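Down below are the structures I want you to see.
First chain A sits with chain B, and in the next complex the same chain sits with chain C.
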Partner chain A sequence: MPAARRAALSWLEREQVFKWLPFVPVQALLVFLLLPFVLLVYLSLVSWRITRGVWWHAPFVGAANFAGAVQDERFVWAVIRTFGFAAAAVPLELGLGFGLALLCRERFRGRRFYTTLFLLPMMIVPAVVGYDLSMLLIDQGPLNQILSLLAGRPVTVRWISDYRMAKAAIVGADVWQWTSLVFLIVLSGFAGLPPDPIRAARAMGASRWQIFRYVELPLLKPVLAIALVLRSMEALKIFDYPVLLTEGGPGNSTETIAVYLWRVGWDFTRVSDAAAMSLILMVVVVMYTVIAIHILRRERRQLAEEAAR
Partner chain B sequence: MKRRWLVAFVRHAILLAWTAVTLIPVYWMLNTSFKHSGEWVTWPPHWFPEQPTLENYAQVLTPGSTIFELGRQTLKVLKPLWDSLFTATASALVAVALGSALAYSWARFGTGGKNYPYSVLTIRMLPPIVIAVPFLVYYVSLHLLDTYAGLILVYIATSLPYVIWMMLAFIEDVPSELESAARVMGASRFRVLSSVVLPLTVSGLVATFLFVFILNWSELLLALTLTNTQVSTIPITLNKFQSVNEGRDYGPQAAIGAIATLPVVALGFLIQKHLVKGFSFGLLRK
Partner chain C sequence: MKRRALLATVLLVWSGTAGAAEVPGRTADERAINGASLKLNMLTSPFHTKALEREIPIFEKATGIGLGDLIEVGILQIQAKAMAEAVAKSGSFDFWVGDPISLPDTAEAGLARPIDEFAARGLPDVDDVVGGFAEQGRYKGKTYGLFADGDNFILVLRKDWLEKPDERQKFHAKYGWGPGCPDTYEQWAQLAEFFTRDFDGDGVPDFYGAMAYRARSWGWRWWLQRFYAKGGMPFDDAMRPLVVGKEGVEALRDYIALTRYMPKDILGWATPQAYPFYAAGHAFSIMTYPSIALAAEHPEKSTVRGKNAYCLVPGYIVSGKLVRRSIQGFGNIFYVSSYGKHAEAAYWLIQWLTSKEVSARLVTYTDSVFDPFMKSHRSDPRVIRSRTKEMVETHLRNAQVSPPLILLQGAVEYDDALDLNIQEALLGRISAEEALNRTATAWERITDQVGRTAQIEAWKALRRAFPTKNVPD
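Now for the complex of A and B:
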């Protein structure tokens, strides 16, 4: 081995160098991606449209874009609606995912069949799910056929053209696809439960319900917390389902934040307005993030304390 | 005895109901993809194609980009399929390599401070639409718009939080005594990584890779913003289809959906065992 190479290797071996090796490229990437945020702030303070010359010549307008965004009823409603979708979909996903994992945790005939199948939806492209449901939900579609069979009379639910049903369809799409992820997270939580506390509780004569309620559930709490954080994070970004299933309609009844900002930025070319709205949205998300991270840190700290004991 | 039978009955009834909910949409997509155009919308809907056909697949899988026929535009998927495969694989590989090295460094040396994984998580919390607007302007000036490199860079960044959090769980499971022992016996740090840590975290790496691959394979919004004609992924193609034909070209779209779904599902079933291990995110007591 040449001396130079050996010297280089031993330099890389030093703890102070070694531990920073992965941080350099990651931080470089993060800085590279941070620059657009500076640009975002700049664009939100000027008045620029894609159709109106180059962006660095755009006139400075201060907070006017922000004032406009707050007064834009369509924007405010899109924010409320998106939180509404998340508030409807995430508890359903957690409940269904947890319940199904509970039924699948023990060995029984057919367990492998069910667990394999239940993981299917999370592997499908969300755009495909949106499109696929648009086929199922047409007025003369198979879902209305099934409902008619169950009801014993012709039923035609206007899934796409009725504004309440369209909302339900978006929530349904999210629940259909992402219950599988919650199921997987909870199932892997059950699989990773430490056997000793459960055995001890059983030896002390605890009933199955008591073991579940006072031993297993507290141990699973951190896993449920991460499922909640991940899913609510992603649910606030809903974009693919409205775009492919309802195109935000009927009217604006399924227009989420992402869909509306997309329209403002690209379809209406009001880039500066979109930038101001994006910044407002960022503030909302950051507040939410702080809460979510607080929950996660508390759970991990408790684990560390218990491990130290 | 009777009670046990009842429990089994209720369990299977519930699980079968959810099986139906899971399978019907998937089945319907496959069903439609084998139908002639006359059967796409009928009342009552046909649960089996009367004359099964492969013409939808043939249409979308021929080379070229697009054809117009009878006022309909049929898009081709060979190029998008390759683009999706390439960007998703490349970004998942880099993200898994970087992210797991970072998770290792953080778990062993506390590099970056106590809160580093939490601050990385904020990347994932930002809705992509927020960065979409300035990114277009940014990428135009860097000549990264509509290139593989541009899309891959963004995907690496958005995948890192998941990689770090999933890999932390596996790395914390590796006993550090084992590593110290190897060090004492004279192994270099890189040797410890390749001979001790790597074999013990393989299933984690596999599960993480698949999950991140699926995320990037499926991503629509950023791809729609940052690509144009040179690069075009599967979700974009499906979306274009929906808008040019007002969503009435059911057969070829179903074929695209099936083509986009099958490889991922096949991969997922192959590594299902690893998946179940990989999703507790280091949040269980040892």
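Now for the complex of A and C:
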């Protein structure tokens, strides 16, 4: 063995080196993530537009961009609206996804077909969904024609041009596409349920409803909590449907925070303002996530305690 | 045996690849010429892809300069993509097709590259470009792009309905003039009112008197055209907004009033919805981009082919004189990126694409939306065949009174503020006065943020691009 290789191996085998070596990729990843974050914080503290020279020469303005953001009515409304969309869409997705998973948990003829069918929407690119819906949802389009056939009278719901219905269309698009994910998560949850408590309950004469209500549902709580957290965080980033379906309109009725940030940063070239808004949003989302994780942990703890008893 | 088959396959594939790499030519110098190639990357919206994909290979065959990566984004997302490139400086595209609105920002950000040095040598066909179009590729005294798409609005009416004797008689009896191309917006509103029909009596019209765009990010252009025809100007010499005057408010009220003769869903429609709707025969009139002719005269897809009257845009009577303004509602320009690797090659390609001959072919294709913008297009038989002589004549006459959009730094933000407030007024959530007051407040803020002094200079320069005649010759 050459001397150089021997020396390298002996260096690698030293305890201090060996102990820290596996963490190098983690540290690298941290630096990789940290750098853009530091840059974001820096940009939020200076006044820079893309049209105004290089960013490192931009004047320092302190918290002015943050003050401007919270005074910007459009930003505040975009935040409120986005949480509103999430609050409307996520429970629907959870309910529908759970219901579909419940239907598909037992073996029956055609189960694989239905499972695949229910999973299909989430495999379509959201931009494609947005564009297709923009054609399907016009007031004389296919959806209203189908509704007219069912209702037996002309239905002319203005899905994309009415102030309220446009919001419903955005929520509907999100529900249509992402119920699949909840379905998948809950179906996996059902598949992973431990059989013993269920068998025990059955042996003790519990009805199907009682088994579902008092055994399966509590066991599924962590899974549902994960679905809730995942979908909520994704729903807060909703972007494709408002842009492709309504351009944030009519008025600004469907302008979400992601759409507004994109406009401020890239269309209006006000990168520093967008950076400050992003950080404010990040704090809000982190707070929400911390609360959600706390609830998730509590559920798990309770479950563990009940199992121990 | 298996190993032998595998080896044979590998050898075959390798020899095939090596064979494909061989450049044709009898001698070394011939092969060198034939082998020289350069791929340029392009950013464009899907509205232009097919025509460009058809034409660029012809240039490649002659020069070896062809199309590499094609980056397609939505037509309203070009600015955002361009600004992202201005920050990233990645050189991901060598040239792009964008609107004049984005020029001030992309030029200030260093992305749009001045092309005067190339143009001085190449002598592009700018003299053949109609009216002030060529000016829209210039900013602060430099040329940044070559104009490729005359997008000033045109009004189209259903000629077959206008020619029905009983309709003519009833219309004349009601309004006191024979129905035809309207001179004023008031006359257009009368036509729209008269021809809106509810055939089955269910309370929902089956035939709409008027169409124009009212969707978010689009509708403001149609208001601005009216505002200009009223004699309005967006700013004074100190860049103080002038929209909150009599002209602005009246223009907005008229704009809102006409909407009652349009499909109820019009607030969500742009080109993909509006063109097929008109071509399917559901509306009497439409004020839109000139590419409507491609849809309306389409041999297979249109039910109204040959039934259209192409009109000068209507105007308003200002101080006793008719003033028509046909706004450059979008327009497309070929720009060269400062960060692409092959700026000069990109320039030669865009000069070729905007030449008299090639541009005539581009405006002829029915699956892309390049509109006539050169004097020579007026008499080009290919252009006339795809759009009708009447349309091309009228469109290029409209271009004589075509004012530019607000081509200043921060243009997209100025437009967005206007658009948002106009839609709020259209939805009945605020009054016309309130909408324009809010717009003025937002514009003041934007001007101060961008820098008032710089904006005043740019605005003074832009004022020169406004038409001086009230009506076309």
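In the analysis below, the second predicted complex is superposed on the first by the 271 of 309 C-alpha atoms of A that agree within 3 Å, B and C clash if a C-alpha of one lies under 4 Å from a C-alpha of the other, contacts with A are read in each partner's own complex, and residues count from 1 in each chain.
Everything below uses one rule, namely that a contact is a pair of C-beta atoms (placed from the backbone, for glycine too) under 8 Å apart; a residue touches a chain by one contact, two chains touch by 3 or more.
Just so you know, these numbers come straight off a predicted model, no measurement behind them.
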First (chain B), second (chain C), both or neither touched by A:Glu13: first
After superposition on the shared chain, which partner residues are touched by A:Arg158: those of chain B (first), chain C (second), both, or neither? second
Which chain makes contact with more of the residues of chain A, chain B or else chain C? B
In the overlay, answer first, second, both or neither for which of chain B and chain C A:Lys237 touches. first
Pick one for A:Thr246: touches chain B only (first), chain C only (second), both, or neither. second
In the superposed arrangement, which partner chain does A:Ile138 touch: chain B (first), chain C (second), both, or neither? both
If we overlay the two complexes on their shared chain A, which of chain B and chain C does A:Trp262 touch? Say first, second, both or neither. both
On the A-aligned overlay, A:Gln71 touches which partner chain: chain B = first, chain C = second, or both, or neither? neither
Given the touch rule stated above, what does A:Arg297 touch, chain B (first), chain C (second), both, or neither? first
Residues of chain A that sit at the chain B interface in one complex and at the chain C interface in the other, please. 134-135, 138, 140, 243-244, 262, 271
Can you check the complex and tell me which residues of chain B touch chain A? 8, 11-12, 14-15, 18-19, 21-26, 28-29, 32, 41-45, 47, 98-99, 101-102, 104-105, 108-109, 111-112, 115, 118, 121-135, 137-138, 153-154, 156-157, 160, 165, 188-190, 214, 217-218, 220-221, 234-235, 238-239, 242, 247, 250, 253-254, 256-257, 260-261, 264-265, 268-269, 272, 275-286
Name, in rising order, each residue of chain C that touches chain A in their complex. 74, 76-77, 79-81, 83-84, 86-87, 104-105, 108-109, 202, 204, 215-218, 263-269, 272-273, 277, 409-410, 412-413, 416, 420, 423-424, 426-427, 429, 449-450
In the complex with chain B, residue positions of chain A that touch it: 9, 12-13, 15, 18-23, 25-26, 29-30, 32-33, 35-37, 39-40, 43, 55, 96, 99-100, 103-104, 108, 110, 114-129, 131-136, 138, 140-142, 145, 176, 180, 184-185, 187-189, 191-194, 219, 222-223, 225-226, 233, 236-237, 239-240, 243-244, 257-258, 261-262, 265, 271, 274-275, 278-279, 281-282, 285-286, 288-289, 292-293, 296-297, 299-300, 303, 306-307
Residue ranges of chain A in contact with chain C within the complex: 49-52, 134-135, 138-140, 154, 156, 158-163, 166, 243-244, 246-252, 262-263, 266-271
